[in-house]
C-alpha cells in the first residue's frame, strides 16, 4: 500500500483498534465475572479476607464520602431553590433536592468517590501483587487466587458501596436541610414535609439499586485491570488509570440503562 | 558538616555524622548498603533537610537557608543521580543542555557548541538526537555525567555512578570522572558501594556504616587506621564475613 | 520518603505509640481525627503550590510550545470520553425530569427551558468537572509522579528550577483554557442529547425544547466561573498529588488515586461555594 493510503487509513485504523480493545476488555471482564460466580456454587469465600477488606474499604472512604455528600447536598438545595423560586412553591424545595440526591447524584457521586478511592487502590494493590509475582506464589501454594483475593474484594466493595450510599444520602439530605433552614430561610419543617409527602420510597430504592450496579462495575473493572497488568512497574500506574476511567464510563452508561429499565 | 542527624519515622539514617571535604579534591564515600550515603549527599545538595546539625556547602549553611537562597546554592552543584534521572521526554542533547538553559543566558549557538563538546568528552559524540530510552545503562550514565558537569559548577556530586554496571563499564566511568575532575579542578564527591574500583581513582576516602562516618582522610592512612572496621572493609574481609 | 516537596516534608512521629494497643473505641475517632489533620496539612501544602503556580504563571520563564502541547494533549485525551459519559448523563437527566413531570402535571412545555438553565448554571460544569478530573487529573499526577520517583524532579531542582515553574504552571494555563473549552463543549453535548431523549421518548418538539428564556447573563457567568475555577483546581490539586509522590511505582499509583479523589472533592467544594455565593449575589 502506498504511503498516502497509509496516512489516510490511520484514523480508521485507530478507531478500529480502540473498538477491538473495548471488545477485548468487556469480554475479559465478563469472563472474570463468570469465574467469580462459579466460586459461589458451592460458596468458597475466605471470611477473614472479607472482613479485613470490609474494614479497610469502609475506613478509608467514609470521611471523604461524608464530606463530599454534604457539599453535594448544599449545592443541590441551592439549585432547587433557584428553580422553585420561579414557580413560587417553597414546599417543593425539599422534594426537589431529595429527589435528585436520592435518585441520581447521591449514588453517582458516592460511586465516583468510591471508584477513585477504593477501586483505584484495589487495582494498584492487585497489580503490584501480579508484578511482584505474589499471585503466582499463591498458585504455587495451591491457593486459588480468585477465591482468596478477588471474591472477598468484590463482595466487600458491593457491601461497602451500598452502605456508603446510604450514609452519603443521609448526610446530603441533612446538609441540604440545615442550609435551607439557616441560609435560605426555608423552615426545616417545610423542607421535611416536602420530602415526606412527595418522595416515594421507590426513589430511594432506585438509588440504592443503582449503587449496587455501580459497585459491581467498579469491582469488576478494578479487579480486571489489576490482574491483567503488563509491563512491570510503570504498568501499575497505567492499570490504575484505565480502571478509574472504565469505572467512570461504566457508571454513567449503567446509570442510564438502570433508570431507563426500572426507573 | 557537623553532627548531622536525620531519621525517617523510627529509622535513623544518619546518627551524628561528621565529614569535611577539602576544596578541589576527589572525595570518595564508601560503605555497605543502607549506610546513609545517599541521604548524606541529598542533604548536602539541599534536597532534604536534616533533623538537626549543620551543613556548610561552599561557605553557606544550607540548613539555615530559605527556599530561594537554597536554589542559588543548588545551582552551583552538579549532581548525577543514582538512577540517572534523565528527562525521558527530551533528547540527549536537550537533557545535557537543560542546566545551561536554566542557569545561564547563552545563545542557541553557544549551547549547541558546549553540548557537543561535553558529549564528545564523555565519548558520546553525535548522540544529541537520540532519546534516553534507546541508550544502554553505561551510555545513560555518561549522559548524566555530561549533564552534571556542563555548567562547570564548583561542586559535583555523583550518587553511585557505577550502580548496576558491569566491572569493565564501571572502570571506564571512573576514568571519565577522574579525567573530568583533574580537568576542571572542581570538588568532587562520589559515592559508591564498589570499593575496589573507587579506591583506584580517589585521593581521599570516607567510610560510612549505619549512619556514622568511621574514617575520613587520605586513602593511604585508611589501611593503618585504629578502628578495625576501616581496614577490614577496604580489604574486603568485612564483606566476606557479612 | 525521598525528594518530597519542601512544603509537605514532615517526618511521621510514631515514637509515642510504641508498644501500646489502642482500645477499639479509639479507632473511629482517631481515624476521623487523623483524616481531618491530614486534610489540614494537605490544604496548607496545596495552598503553597497554588500561590507559586499563580506567581510563575505571570512571572516565570516558560519553554515555548509547552502550554500548547499540554492543551492539545488534554483536549485530545478527554473529548471522546466526555462525549460518551456526558452524552448519556444528558439523556438521563431529561428522561428523569420528563418522566416525573409527566406524572405530576403532564405538561412538558418547560422541560427544555428548565433543563437548559440548570445545565448551563451547574450540571455541565460540576458533573463534567468531576469526570474531567478522572481523565486529566489522573494523567497529570501519573506524569509528574513518575518524574518524582525517578529523581527527575530533583534533577530539575538541582538546575535551579522550581518544578512548580517548569511542570505545574504550563499545565495550569493549558488546563484553564482547554479544560474550560471542553466543559463548554460538554454543556453543548448535554443539551443536544437531552433534546434527543425528550424528542424520542416524550415527543417534545425540538423547537419547544430549545427554549433559552430562563437563561440570563448571570447564569452563563456563574457557569463560566465554575468551569474556569474547576479547570484551575484540577491541575493544581493533581500536580500537588504528583509532586508529593513517594515510594516507587506503587507510589505513582497512589498519587493518581489521590489526584482523582482530591480533585473531585475540590470541585464539589468549589461548587457549593460558588453556587451559594451566586445565589446571594443574583437572587
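Brief remarks on what is shown
Note that the chains take the letters A, B and C in the order they are written out, and that residue 1 is the start of every chain.
What we mean here is this: a residue touches a chain if its C-beta (ideal position, glycine included) is under 8 Å from a C-beta of that chain, and two chains touch if they have at least 3 such contacts.
Note that the structure is predicted; figures quoted are calculated from it, not measured.
Taking each chain's centre as the mean of its C-alpha atoms, the one that lies farthest from the centre of subunit C is B.
In terms of Cα centroid distance from the overall Cα mean, chain C ranks first. Looking at B-C alongside A-C, one finds more C-beta pairs in contact between the chains of A-C. Our note on geometry: subunit A versus subunit B, Cα centroid distance of 48 Å, whole angstroms. Spacing of subunit B relative to subunit C, judged by their CA centroids, is 41 angstrom. One simple way to say how far apart two chains are is to compare their mean CA positions; for subunit A and subunit C this gives 17 Å.
Within the complex, the subunit C residues that touch subunit A are 31-32, 35-36, 81, 84-86, 88-89, 91-93, 95-96, 99-100, 114, 117-118, 121-122, 126-127, 130-131, 134-135, 138-139, 142, 145-146, 214, 248-250, 252-254, 256-257, 260-261, 264-265, 268-269, 271-272, 275-276, 279, 283. Within the complex formed with subunit C, the residues of subunit A that make contact are 59, 63-64, 67-68, 71-72, 74-75, 78-79, 81-83, 85-86, 99, 103-104, 108-109, 112-113, 116-117, 120-121, 123-124, 127-128, 179, 183-184, 232-234, 236-241, 244-245, 248-249, 252-253, 255-256, 259-260, 263. Put simply, subunit C touches subunit B in their complex at residues 1-3, 6, 9, 11-12, 14-15, 147, 150-152, 154-162.
Contact residues of subunit B toward subunit C in the complex are 7-10, 42, 45, 47-49, 51, 67, 71-72, 74-75, 77-79, 81-88, 98-99, 102-103, 147, 151.
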